[in-house]
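Shared between the two complexes below is chain A, which has chain B as its partner in the first and chain C in the second.
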Partner chain A sequence: MKEIWITLATVIVAPLVGGVVTGIDRKITARMQNRFGPPILQPFYDLFKLFSKETIVVSNTQILYAFLFLVFNIVAVVMFVLKMDLLLILFILAFATTALILGAMATNSPYSRIGAHRELISVLAYEPVLIAMTVAIYFVTGSFNIEDILKHNSFLILDLPFIFIAFSYVLTIKLRKSPFDLSTSHHGHQELVKGITTEFAGPVLGLIELGHWYELVLLLLFVWLFFAKNIFVAIAAILICYFLEIVIDNISARLTWKIMLQLTWSVAFGFALVNLIWVYIKYRLL
Partner chain B sequence: MASIYLLLIFLPIIAALFILLINNSSFRKAIVFLMSAVLIGVALYSISQGDKSIKLSHSLNSVLEYLITFADYLLLAMIFLIGTKLKNKLISLLAILQFVLMFVFEFKVGKLEVENVFFVDHLSFIMLLLINIIGPLIAIFALSYIDEHEKHLHLERSRQNIFFAIIMLFLGAMNGLVISNNILWVYFFWEITTLCSFLLISHDQNEESIKNATRALLLNSIGGLSFVVGIIFMYYKSGTVALNEIISSQDSSILMIPIAFLALAAFTKSAQMPFQSWLLGAMVAPTPVSALLHSSTMVKAGVYLVLRLSPVFIDTWLGRIVAVAGAYTFVSAALLAIFQSNAKRVLAYSTISNLGLIIALSSIANVYAIYAAALLIVLHGVSKALLFLCVGSIEQGIGSRNIEDMDGIKYKMPVVAFLTLLGSVSMLLPPFGVLITKWIAIEVSTQNIVAMLEIILGSAFTVVFWTKFIGKVLSDGKERNKVEKFEFLRHVPLMVISALVVLVSIFLTQFTNKFVVPFFKSSFARYSGVGSSNIKDLYVKDFFGFNPLVFFGVLVAAVVLGALVYRMFKPKRYVPVYMSCENSDNFGFRGEKDRVVPFEFKNYYFETLTNEKTVTLIVNILSIALIAIMFGVILK
Partner chain C sequence: MLFRKTLKKSPWIVHYDCNSCNGCDIEILATLTPVYDVERFGIINVGNPKHADILVVSGSVNHRNARVLKTIYDQMPHPKAVVAIGACACSGGIFKECYNTLGGADTVIPVDVYVPGCAPRPEAIMEGILKAAQLLEEKKKNIKKGEILNVAKS
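Up next is the complex of A and B:
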């Protein structure tokens, strides 16, 4: 019974948080660019507007994929809040992305297909790092289960500093921020055509937008995991981390997918690997 | 009682003889249908009898013993002759070596009688289900496929009798392989499958098929030789050639050398790196052959052997290296699959990759790893049978097996496209079982960090190539005229296999408890006190909280919900794709002087980064190094 309430609360609260964070993001970004920026609640206005529009599509199946993207993201967040298996959550998150990619490939639009393939390359770049992060957490805490991970009696970041760096690195890709916003741009000045979401419009695009908010909350919850020992530290860490992402977003230009792949596989995965090996030795062999 | 096991082996072989001798289409169809019904009946009956060690009467045993020994030499002689006919000295040499080693060994130690001729446990049951359900379904599909195939070849005389005879022989040999207790018999059936695969791959008798069949025979002969060496070491180290005695052996350390050789043999049969090339070459054969080789026969023999021997080498250094080698194949085959635009090659690499995962799971010392290995054999078998048959149908339908030509396949061949989708989704996404085995693989491989890293990377690659494939199956195409006609012989087997794909995943826990747990309990008795623990303790309720029934329930609910959402957002208007308003339609844009310029978008195959050849070379070198390490470990 309790779980049902938690689930309901998560489903309602998560998009509110996600929307507000997105609003703050836009505000800060605007200030960094010497603009006044939209009100913080602007993302919600945008979303309501999207849902009030007429449904136009290129292909019927797009609706299904947009819906699946939203559902998988909700399921992932709910599973996290219910403290379930971290690895499974990652898989579910990957399927959300898969749904989006398939949705983009369902039409013959060159823009959305290029976006889809870039997204696929992003998966190739960040997925190993995310799984390595999970496994490193497992080595330290002895469990994949969030319930048990939270019982760990010190800050995870102390054992996993490099993993955290690697995670922050791929967070940029996951949030689709510069320099890794290859699959879709979120700044108007960068590109007119929106890559993976080009062919989505109206309420269908609204579903995807909503899905992004859930995704954002989940990613921030991952950051929280590293600092879960103390709630205030955790909130501070999340804020700092997200602020850094905004800064990076605003000071960097987009890289090509080749450079992204090379960078993530060498730098980010390298960092993760080093940390992984040392916790393996520390907690498994010694 | 013993007769049902003899039936499993000899009935298909006798049927093969009839098919070969009586070259009549309706007779052949009748026999294939009859054998399908009989095989599944006999297999189910034998399963209902439970675990058994079968003794034959003394005279029957001797007769069989002589028969198989004789047939074994005959078989090697045949391979030798094939080698000379193909002018491939290496094949002949390998056959001679096997012949001589076997002869000297049997001459020196005398009669190697094994008391329990057949040893059937729940692992054999799993294999029997796979062989005797999927195998005949593929054969029925082939009845329709091969007619059209021969039309394309413009043959003067149909060779269908040979084709179906070999398929039947193949099924009989596979049955023999999984129920025999005497490892010499296992070797005999092993060699039959090598010969059958050679004959099937070279079926079309053109230059390319003969070349690729030769490569398959050569690589599998290396495995055969390794198998013989393994048997001889096995006998001298443990004094027995009975599988059931070997796997319950108390001192596993003395068995490391024979196990390493047998593992090498399994690597060749299961097309592990660096032996993968024969399975890729095997694609030139008619598609039902690929389906058969990839799902219920041949490559499954290799992983079966590794899983069978697993109790002996699990939790040893040899086991750890085998796990690393298997996981290595998992990651490198998945990587190579990303570069492929040929659908059959994608499927082939995916098979190799999954077999690697099965081998890795078989050698990781964890209950769930063993469960996942056994489950993956079945899950992969059904899904891959479906996928190959679908791709075969697509190839005959649109005249190409290239993924890039599959634009709009959902309009042209709706049924097959949907089933292809089901098959590929079942290999990647929840709630299907393959995903669960991959998940288990990561969760349990944490004790073997190298294998784990390989599995992590492989898992990411897997997502990439399957998503590309699925995206293309679902994509829009310019041509939308339907080319598919419903054919009973073709579509019904496809639908039955699809139903199996879904059913196996829905009842994954039940299947595990019914078949996999008893196998684990009986075979791994020696291993960390499994023997003393209650079988109820070994049962699974779910997989780390993932209950397939619940998940399928959620899925059904989501579909209902999705239908409601769809009603709400039902599209009012369809629009062309966005082309900066310069579209002519969805497939071209207005260029200079309003001339229509068609465009097409191809999947990324990363040609600018590297190519298949370079990667294959690097991958092969590393895998040879791994095998060297595997043998280095066992030397004292």
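Up next is the complex of A and C:
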């Protein structure tokens, strides 16, 4: 019974948090560019506007895939809040992205297809780092279950500093922030029209937007996992981490997919691998 | 209800230049810079007619680009509005009588707001777009009532 209430609360609260965070993101970005910026509730206005528009789809399967993207993201967030298996959450998150890619591939639009290809490449870039993160957490705590991970007697970051750096690196790709916003981004860049979301319009685009908010909350919860021992430290860490993402978003230009792949696999995955070997020696061999 | 009138709060624009000179075109781009900060009204410049609510047209329509303009208009989901920027897009301007020119944007698609001037100031363009955003609310009501939508002149 308790689980049902937690699930309901998560499904309602997560998009509210995600929307407000996106709104604050846009406001801070505006202040960094020395302008006033939209109201903090602007993402909600955008979402409700999208839901009040006409539905235009090229093929009907697009609606299904957009809906699946949303549902998989909701399931992933709910599973995290219910403290279930971390590995399974990652797989469901990958399913969500796959649904988005399939949705973009369901049409013949070249912009949508190139966006889907780029999204596939970014999945290729960040997925090994996320898996390395989960494995390293397993080496430290001896379990994939978040419930057991939270019982760990110190901050997870003390054992996994390099993994955290690698994860922050990957967060930029996952949040579709500037150096790696190859497939799509919510700023007005016009290369590739709108990438992976080119062929989605009206309420269907609204579903994807909502899915992104759940995804954002889930990624911030991953940051929380590293600092879960103390709630205030965790909140401070999340705020600092997200602020740094906004700064990086504002000071950097877009890179090509080749550079993204090279950098993620060498730098981020290298960091993750070093940390992985370190915790393996510390917890498994000694 | 806080979110009832959201259409006028987030008008996303798509900009099409029907062979206008650099005058109107660059004024529209100037409107989109941080100096005028149109994002504070929720206006975002999207490159995709499927995401857009308002079509911003500049320049006179000729036989070549009439088809393109019509296609962009048709790809936008309802409710949608059109803003004609500058004398050429309003009536054809100095090219009105030319043999290769059809005239203003309203010869191809229904225009809701005319912003005259050669070229209009960014403030005027901003006002025109915001007026069109207000019109979106009325259009939404008309769709609900089942009234006939603006039908483009062929």
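The rule we apply is simple: the second predicted complex is superposed on the first by the 282 of 286 C-alpha atoms of A that agree within 3 Å, B and C clash if a C-alpha of one lies under 4 Å from a C-alpha of the other, contacts with A are read in each partner's own complex, and residues count from 1 in each chain.
In the analysis below, contacts are C-beta pairs under 8 Å (C-beta built on N, C-alpha and C of every residue); 3 or more make two chains touch, one makes a residue touch a chain.
Quantities reported herein were computed from a predicted structural model and do not represent experimental measurements.
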First (chain B), second (chain C), both or neither touched by A:94: first
Dominant toucher of chain A (residue count), chain B or chain C: B
Chain B versus chain C as contact partner of A:26, first or second or both or neither: second
Touching partner for A:131 - first (chain B), second (chain C), both, neither: first
First, second, both or neither for A:193, with chain B first and chain C second: both
First (chain B), second (chain C), both or neither touched by A:60: first
Which superposed partner A:113 touches (first chain B, second chain C, both, neither): first
Shared chain A surface residues [contacts with chain B and with chain C]: 54-56, 193, 198-199, 201
Chain B residues touching chain A - in the complex, by the definition given at the top: 407, 428-430, 435, 439, 442-443, 446-447, 449, 452-453, 456-457, 459-461, 463-464, 467-468, 470-472, 474-478, 544-546, 554, 558, 562, 565-566, 568-580, 586-587, 599, 601, 603-604, 608-609
Parts of chain A lying in touch with chain B, wherever the complex brings them together: 54-61, 63-64, 67-68, 71, 75, 84-85, 87-88, 91-92, 94-95, 98, 101-102, 105-114, 116-117, 120-121, 123-124, 127-128, 131-132, 135, 138-139, 144-145, 193, 198-199, 201, 203-204, 258, 273, 276-277, 280, 284
In the complex with chain C, residue positions of chain A that touch it: 26, 30, 33-39, 41-42, 44-46, 48-49, 52-56, 188, 190, 193-194, 197-202, 205
Contacting residues of chain C [partner chain A, same complex]: 2-3, 6-7, 9-10, 32, 34, 37, 39-42, 44-48, 50-51, 53, 75, 77-79, 140, 143
